[in-house]
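Which chain is which? They are A, B and C, in the order written, and residues in each are numbered from 1.
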Amino acid sequence: MSIKNAIFYGLLIFIPISIAAELLNWGSVVVFMTAAIAILPLAAWMGTATEEIAVVVGPTIGGLLNATFGNATELIIALAALNAGLIEVVKASLTGSIIGNLLLVMGLSMFLGGLRYKEQEFQPVVARMNASSMNLAVIALLLPTAMNYTSPGVSFVTMQNLSVAVAIVLIGVYALTLLFSMRTHAYLYDVGVAEEDLQVMAESNLVPEHPTEKTDLRLWIGVLLVATLLVAVESELLVATLEEATSKLGLTALFTGVILLPIVGNAAEHATAVTVAMKNKMDLAVSVAVGSSLQIALFVAPVLVLAGWWLGKPMDLDFNPFELVAVAVAVLITNSISSDGKSNWLEGTLLLAAYVILGLAFYFHPESAV
Amino acid sequence: MSIKNAIFYGLLIFIPISIAAELLNWGSVVVFMTAAIAILPLAAWMGTATEEIAVVVGPTIGGLLNATFGNATELIIALAALNAGLIEVVKASLTGSIIGNLLLVMGLSMFLGGLRYKEQEFQPVVARMNASSMNLAVIALLLPTAMNYTSPGVSFVTMQNLSVAVAIVLIGVYALTLLFSMRTHAYLYDVGVAEEDLQVMAESNLVPEHPTEKTDLRLWIGVLLVATLLVAVESELLVATLEEATSKLGLTALFTGVILLPIVGNAAEHATAVTVAMKNKMDLAVSVAVGSSLQIALFVAPVLVLAGWWLGKPMDLDFNPFELVAVAVAVLITNSISSDGKSNWLEGTLLLAAYVILGLAFYFHPESAV
Amino acid sequence: MSIKNAIFYGLLIFIPISIAAELLNWGSVVVFMTAAIAILPLAAWMGTATEEIAVVVGPTIGGLLNATFGNATELIIALAALNAGLIEVVKASLTGSIIGNLLLVMGLSMFLGGLRYKEQEFQPVVARMNASSMNLAVIALLLPTAMNYTSPGVSFVTMQNLSVAVAIVLIGVYALTLLFSMRTHAYLYDVGVAEEDLQVMAESNLVPEHPTEKTDLRLWIGVLLVATLLVAVESELLVATLEEATSKLGLTALFTGVILLPIVGNAAEHATAVTVAMKNKMDLAVSVAVGSSLQIALFVAPVLVLAGWWLGKPMDLDFNPFELVAVAVAVLITNSISSDGKSNWLEGTLLLAAYVILGLAFYFHPESAV
């Protein structure tokens, strides 16, 4: 595990580098890139700390903790961007996170797992429940866009009201899915999540090993707080330099939001899902990828709508219509591939190809939002 | 059953009240609301009379009777509205009936049934055949809209010709689905429809009990005729006051057509489906909800297109594009939830949440049709 | 088999007739129609020759041969049309081929097969893999259209670059699907393809019988070359008279491309699929129909994009938006019907009804492309 350690500590060095770059005026591109890299190990640390605390405080509070902090990195970056008024970038990063989790994370998992194992299986029951929830979430998120696109002339206030109402319904649905999976129908989700899986899960992130027997609650709360604080700091650097840096790199705000930011924000999920897939735990890999998308759609996005409303930076759910197409496409192909509870390398390739083609389309997209 | 009786007779009182409201000029809002309420028990009576007559005349003619009179209430209201020139309202009520049956009726059935039973099952074979027919019907109904939306400049006459042609194809498909379910593949549909189910079905509507042993054909034909006549009378009151009443209530014609009218027209199906679901007959509940949508799409809608053409009130199939989105969304999420032949309370909640979100969108929709 | 022989040789006579019609100026309509008919037996001959050569050269090279020459007729017609600058017709014939294979060929197979056998079965595993590949292919092909439609103002050069990039990804995916089905997961596809099936397959095309024991490689290569050459000749006649002939017949270029050309180009697949379906080999019928669509989407379309770029007749993937709707509809309803691995006459009817309704819509479509 020394390679893992080396990578982890190597990445941590980018925290001081990014701060130095900002203070010493090394230019927006350098600040942007070093801040992006610095976030990677911090996100991994936040994830590990959340899981460790969850183990100590027991399944119920632990489950809620995971459900709210699971995508904390993305939420922090998005809040920083929202506060800076980069509303189109925030929206783009939401659709990008959904697309990235469903196509890139699941695709890489199925492809790399499929190179080792001819056929991999996962639970179709949970996959189908998740697919239905995902369909609802995506429909709800994109309905305001569809309405505005098919019936131009919707006023800004109406769109804002509709978005807030949809956000409240989605948070309610999220609470009910937690109730379902943790209380009334927990047995559906328990199948196959053995001690062994938790061990595999624990080993599969970037954070250096630590004795899991005597978990020190105060230590992990400290880690969580420090990591959260540093992610916030780095998010501010990232957001402050985003527009200048990406335009210097020849990228549109749309491409940055849909492709670049989600790769940074979801790096921890990527690492975990791919590692467990290569250990033939496709069940875990799929639930990390789909679970993370669901959390974005049912929790992070509505929270951002409500936060924007509260912060006086109103963010509605009126996305670029092509984002609607992209998310619909991602959900459709993921449903089609995951519905049978089996995967192989070609199915992974199809998901990756869909991601590449969407990436190309966003790269060539003329929209230069913000 | 005295509560049921009390409700039933209580609602019947609204028939004279609505007529009095009209004659004594109590205002359009009062007439509209009392006429809407008066239709509820009449629709229940029509349904019961149709079923009783169907039992006497034997399976074939009875099946055809159910297939043509099953949505008679909606057909009568729609014909009255069509005759009054409220063409956009008629179209909206068609999409609203499909959405309402798939999301509200099926959602409530799965939710309330799921509160009593952890997991409920229904036949996936029939569910899949119905889903395929539904997909075709929805596609056919919405293709003219899609054509007009993607290629503006389609002439009124072309749209009318295309709509009539599509209507004829759909009625042909409806006839073939009846041939399939009643003759060539009747065995697929028989499974699970036992005597016991018919009993449950008979008990599950609002009409007060009656001795089912000695069914008097002439009595029930009389009931059917009187109920049909009264529904027509009340439909005229409803339609005549619709525009004024809804605008006084601050509602658009689109919202009235998509949300309000279908709740009135489908109340009988709501009551039946929910009651049988709570008796763990999810098979029956799903087939009532999906069967009713199918009948709307494959029979009621085409008949209205042809009737409009014949009445000189040409009604084409060019819907509001957002109605297309809404129906597509309803079909997609219903397919996703019903494809595995199992249901639970969360799946019901997802359908209801989809209905609420669509209802919000139609409420905020700027279109004030007609 | 004398009827088959009579039909085959009867159709061959249209080769000299079409050439005479051109030389003797019998008018564009006559040339167009006789050339179209003349292509039918030639396409059947090309198919048979390809299969015979494939048997001799062994499974790997044979498989590649089938994979590249399987839709040679369509490719030749499309290249002739591309070279004549009829770019919109070429695009329309691509979407028409996909729609025709999925709805008309599969629909007729299920309908006619279903009249003989109450229920027919085919392998759901392969059906699902094919559906997933088809979903990806269709999404990729139509993404540029969706982008241009939702975000007007994409420059011609950008659209061309995006189309070439997508074409390269699709050819890569096609190569990988061949690797999957012929090498790494060949066992999935072997199930059920017995000697008997090959015999049924061999008997089910229009070409007169020939002794399959002693296949003469040189003979069949000769047949392939002559048939290919003649198809090319006839394609030139077809394309040269297409615009004048169809406008005299009152048809738009869009209707010709979407409905007429694919029926000519896919006649061999039609005959094969329907014949094997009526022999209760629904597995083969479905794989012919879906396999042919897949080849169009993953191989023929990308090759035409690259060929157009190379020939200086740039063809991008910006289709008419209504073609996007039509293909999406065809894929959706095919997925819905084929996902359970069973078919009956009503399912065939639903596919055919979808084809008829799309045909009506394209007939009434105002677009008069080119």
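Assume a contact is a pair of C-beta atoms (placed from the backbone, for glycine too) under 8 Å apart; a residue touches a chain by one contact, two chains touch by 3 or more.
Everything numeric in this text was worked out from a predicted model, so none of it was measured.
Enquirer: What rotation angle superposes the Cα atoms of chain B onto chain C, in degrees to the nearest 5?
Expert: Answer in degrees: 120, to the nearest 5.
Enquirer: Between chain A and chain B, two touching copies, which fits better, same or different residues at the interface, with half of the numbers shared as the threshold?
Expert: Here the answer is different, because the shared fraction of interface numbers falls below one half.
Enquirer: Indicate the whole-number Å distance between the mean C-alpha point of chain A and the mean C-alpha point of chain B.
Expert: Each chain reduced to its C-alpha mean, chain A and chain B end up 41 Å apart.
Enquirer: Going by the touch rule set out above, which residues of chain B reach two or more other chains?
Expert: Touching at least two other chains: none.
Enquirer: Residue numbers of chain B touching chain C in their complex, please.
Expert: 125, 128-129, 131-133, 135-136, 139-140, 143-144, 146-147, 150-151, 153-155, 158, 161-162, 165-166, 169, 172-173, 176-177, 180, 184-185, 335
Enquirer: Which bits of chain C are touching chain B when the two form their complex?
Expert: 118, 149, 320-322, 324-325, 329, 332-333, 336-337, 339-340, 344-347, 349-350, 353-354, 356-358, 360-361, 364-367
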